[in-house]
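Structures for review follow.
Next come two complexes, and both contain chain A; in the first it sits with chain B, in the second with chain C.
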Partner chain A sequence: MRVELTGRRKERENLLIQVARASGQNIAKCYQCGKCTAGCPVAVEMDIPPHQVMRLLQLGLKDEVLDSSAIWLCASCATCTARCPRDIDIAAVMDALRARAGREGRTRSAKTIALFHDIFLNAIQKHGRVFELGLAINYNLKTGNLFKDADLGRVYFTRGKIGLKAPKIKGGDEVRRIFQKVKQMEAGE
Partner chain B sequence: MKYAYYPGCSLHATAKEFDASSRVVSRSLGIELEEIEDWSCCGATSAHATNHFLSIALPARNLALAARMGLDVAAPCAACYNRLAGANKVMRNDKEMRRKVNDVIGAEYHGEVTVKSLLEVFASVERERISSQVVKPLNNLKIACYYGCLLVRPPAVTGFDDPEQPVTMDRILQICGAETLEWGYKTECCGASLGLSREPVALRLVHDILRMAVDAGADCLACACPLCQSNLDARQEHVNRAFGTKFKVPVFYFTQLIGLAMGISSRDLKVHSHFVDTSKVLQAIG
Partner chain C sequence: MPRIGVFVCWCGSNIGGVLDCPQLAREAASFPGVVYSVDYKYMCSEPGQNLIIEAIKEHRLDRVVVASCSPRLHEETFRKALARAGLNPYLLEMANLREHCSWVHAKEPEKAQVKAVDLVRRAVAKAALLQPLVSSQIPVTKRCLVIGGGIAGIQCALDIADAGHEVILVEREPTIGGNMVKLDKTFPTLDCSACISTPKMVAVASHPNIKLYTYAEVAEIGGYIGNFKVKIKQKARYVDHDKCTGCGTCWEKCPSKVPDDFNGGLGTRKAIYIPFPQAVPNKPVIDANHCRVFNNKKCRVCEKLCPTGAIDYEQQDTFIDEEVGAIVVATGYELFDWTKAYGEYGYGMYPDVITGLQFERLVNAAGPTGGKIKRPSDGKEPKTVVFVKCVGSRDEAKGKSYCSRVCCMYTAKHAHQLLEKVPDSQAYIFYMDVRTPGKGYEEFYQRTVQDGAIYVRGRVSKIYQSGDKLVVRGADTLLGRPVEVKADMVVLATAMQPAAGVETTARLVGAPVDQDGFIQEAHPKLRPVETHTAGVYVAGCCQGPKDIPDTVAQASGAAAKVVGLLSHSKMSTSAMISTVNEALCTGCMLCEPVCPYKAIEPKVITERLPGQPPRERTVAAVNSGLCQGCGCCNVACRPGAIQVKGFTNEQMLAEVDAICL
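Our next item is the complex of A and B:
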């Protein structure tokens, strides 16, 4: 079998540069000790554990990483970052990968998680603050799971912990400007 | 001591008791909290999972508001604290990002305020100031202090306590007379927003935390994060259903427990607003 090494190398270098730019981290430093995976609370649920995500990046295997459920299941607890003997902020790498996968519409492996982030950010864009009741209703409508956490909602409601009115802030336009800028930046990429 | 107070979205809704107890206990300790007027959401996990600029600009708007007040920031919620402190570091050190963010939020912010978690603020209060106000010592109470992730990690952002074996909350509750437990899950993750978007994963994590706390002999847990609190407390019944367990462990905010020791009324501390019945613990305090 003929293996095209030169092309692969270039692709690999490009990916390392892109991830480094987006996360501020040097993936090449990882020496595969596996400490990130050992401490990761959700590694058992991931299709690719964190240390393998790092290795696949080193090898330039972009699609395997960006289509993985691992990057979405990551709970951002940063245990990996705190323990990495090479001082790589692995949680920041996960952020950069999720952001890119989200932009490229690669959310098939974890639709509800990506959807949750979307709805959460839409709420901020609209109100400046998160309106928890609206968030929950919206999420349930869009996932088709209408009664998810209805038992919790009932208790929160009777204890006066859920407002019925969306919050409103004076600086709403400033917050919306931030979101507009994000759209501009992403369109320019 | 005066701080710009950042309550965050949860403290105005599902974590009202964290807001109420933070304010009343701070007042008793001589810490003045002035709410940042017109604050906006910090973006939480969803912002940093989606776009780096967004995750800096959303908190930065609030930091710029605090800078105009001329005050350092105190945030009770561990998640808000983490986002504000993380963004502050970037605004301080990353010139290019600072320029872009200031341009959009219409500010001239350079990272000049300091961001502290309310726990960290309390830790800076002299011991006597706290102990002199303890009228109902928590003598009969074994507390498992649960720090979770965002108070202590990543250490480059947080840094006020050890990321593996934090003690700040333990020390304050010890001053209040409680016995705080040595246990292994102080900083294990509760699953955070996976409780909403992938509940089975969160339930496994919550189950393990409750199991460890109960096995260590805990009467209750103390925490400093609305998402941890709701996963551990509100989802406890879901855990019992999924695992066939019978946990009934009350989960307090650390501010509520300090308040109880100070003799502040349980109504002001809203200790009856939790899912798991708290009356047994309240009786033990007397």
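Our next item is the complex of A and C:
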């Protein structure tokens, strides 16, 4: 598909500003050396490798990035960030893109991953920390794959790695307040 | 019988780590004529040289063989050691045990040892036949000719003149300044090109040691280093510059309008003109091809209006003879003519597809648009501009295989200037690589990227007109996708090539050109401002594409070489040059055309044979100032009358015998 570059200046600049605001990173600095892709453990599975995600952002091709599976496959290991010669925190950019795609409901290419993120964050909001059993059951129910990792669950349970009851932590209120604050900030954007 | 000494050097472990040097020295002692042989760790060191000097005295040696490294490295060192011991320095022969043996055969030391013995035997065989040689002295004319009045020629002329030597600067255009004065701003500091070059132009014109010939060409060059004879053709200007005051009435009133080459064909000038307001000299010439008078039409307006009567339609070309000791070629570059090669970019039929130099004139305040970026077709301000790099450069199919070195930077500068001058503009730059090797260059490029220029990695495959837009089709190879831009104007960064006429100049001075037509320097790294002809130097883009800082540096380098040459009133020539045995020479003169340095010419001698009347016959004569000892004549000579001193047939055959028999 031929890319029309003409007249995209405003789109490009807005996108760069938005990404910069959400991630604190200046995408224009990327000079396409490919070191991020070279070191990425999941790049082979991505539909768009990390350096091309940066390139698409530079050209203002927002939709292709937000609809990609790449931003969801990113494991946030931050190998790219550690190695980037231009000092761009690529993992932070990926995170910001995921957040935006999630908000805009653009999760077609990675439904289960987005779902996992939602369930995980809901659990944190509710309990203040992760409740593994609840998270696993919730995820399996919602994906319809009821017995996924059930064998592993038994092993964890017998060894006391996961419990039946939701954990209680000090400062659960503070965590909830963090979530509220973030919601307010996102609404204000 | 000669008394030969053999000195085997270990060169630390370079030779000693592979070869058995003491064994080599013992073996050498048995070669015919060898009366002394020894090995030592570092023969080139002070104690090593003293070892040679002591041995010469103690053993009354009259020939010396040093078996060490390449003669290119240390032949001069050991020659001086011989001279210190009182021997003629040319009674030295070297065997190259390092480059020719230990380095290349490090993995096979036994075989290397056998080869090393052969190499030393060869050197001993030749040494036995060496003859003492002396170099001759030739006078040096303390003046320099600089061909080309661009920034290279200007800088070189000023440096030589400041050192106290006379300079003759010849420029074929009506003004000096070259391409640099056409530029607007210069990367990476964005200083105004005219502001930094016009003061130097004025300095040339007013320098007491510089004689300036503009609108002139070098017609003939004869002679040799220190003693060149030059004929300069002063083209007819049809204006008497002694009378002209440069008042400007003539070019204001001249009715003939001509496309202005100084502005890259954008805009017009008159048939009587100065190329630009700060021209040096600031006096006009008449372009006879376009003047009405020379095309048999009625006019003579300039003649009627000139208050000093300086117009002279009858003026003829004149020739001036000058003598100089050195020549600097600084004839510069021109842009590759893309319109003949790039059909996919329209062969020049779209007026809004222009070159980098034309863009320079468009942004220049002194240019045809007064510094407003307007596209040539309709004078509209272009909002979307595509810059295409490597047009002609790095394109063997259509242009040149080399990189023109400046386009990456000036394109970054153009994009920066566009984004700065035109509000809401967009710059797209199609590139293959971005090459920014220079102080502050990468930073400048990154700044342009931050300005908002969009760099797209890929060559443009097609440009075509669609309405009032130029559709540019290329690919973003980083994305692996074809891309398209609808542009208002396209700027092509066309390749630099040697200025027209460089072959003629090269032939006149006797300097070879490379496969791309650039003047060949004597050595790409160690003799970058010299040519293969002694006394002829090179500066600027006629030697290869380069930017202004590199050009100025090379020009100053060439000036330093010239000043070094002119600092002596006499110079010694090489001793290892051709010599003619007149008794054997038949005067066939086959040697004359094969000599690359024009060092051989016929000479008539009077021969007196016993019992016969004296008779005259022609023989070849070698000019010791021109001969470089290359040996071409030696090969061409049928009776074997020409020999290169230090490489005679007998010596060479003795070497072959020593190795092969």
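In the analysis below, the second predicted complex is superposed on the first by the 181 of 189 C-alpha atoms of A that agree within 3 Å, B and C clash if a C-alpha of one lies under 4 Å from a C-alpha of the other, contacts with A are read in each partner's own complex, and residues count from 1 in each chain.
Convention: a contact is a pair of C-beta atoms (placed from the backbone, for glycine too) under 8 Å apart; a residue touches a chain by one contact, two chains touch by 3 or more.
None of these values were measured; they are calculated from a predicted model.
J.: Taking the superposition as given, does A:159 touch the first partner, chain B, the second, chain C, both, or neither?
T.: In the superposition, A:159 contacts chain B only.
J.: If you stack the two complexes on chain A, which partner ends up touching A:89: first (chain B), second (chain C), both, or neither?
T.: A:89 sits against chain B, while chain C stays out of touch.
J.: In the superposed arrangement, which partner chain does A:178 touch: chain B (first), chain C (second), both, or neither?
T.: Only chain B is touched by A:178; chain C is not.
J.: I'd like to know which partner A:55 touches here: chain B for first, chain C for second, both or neither.
T.: A:55 contacts chain C only, not chain B.
J.: Which chain makes contact with more of the residues of chain A, chain B or else chain C?
T.: B
J.: Applying the touch criterion given at the start, work out whether A:128 contacts chain B, chain C, both or neither, answering first, second, both or neither.
T.: In the superposed model, A:128 contacts chain B only, not chain C.
J.: I'd like to check the shared interface: which positions of chain A are touched by both chain B and chain C across the two complexes?
T.: none
J.: Okay, in this complex, where on chain A does chain B touch?
T.: 22, 41-42, 45, 73, 75-79, 81-82, 89, 91, 95-96, 98-99, 102, 110, 112-113, 115-118, 120-121, 124, 128-130, 132-133, 136, 139, 148-149, 151-152, 155-156, 159-163, 167, 169-171, 174-175, 177-179, 181-182, 185-186
J.: Would you tell me which residues of chain A are touching chain C in their complex?
T.: Touch residues, chain A against chain C: 1-7, 9, 12-13, 28-29, 31-32, 51-52, 55-56, 58-59.
J.: Which residues of chain C touch chain A in their complex?
T.: 384, 424, 426, 428, 446, 449-450, 452, 454, 456-457, 476, 478-479, 481-487
J.: Applying the document's contact rule, which stretches of chain B touch chain A when the two form their complex?
T.: Residues 9-10, 12-16, 38-41, 43-55, 57-58, 61, 100, 104-106, 149-150, 152-156, 163-164, 187-189, 191-194, 196-199, 201, 205, 230, 234-235, 237, 273, 275 of chain B touch chain A in their complex.
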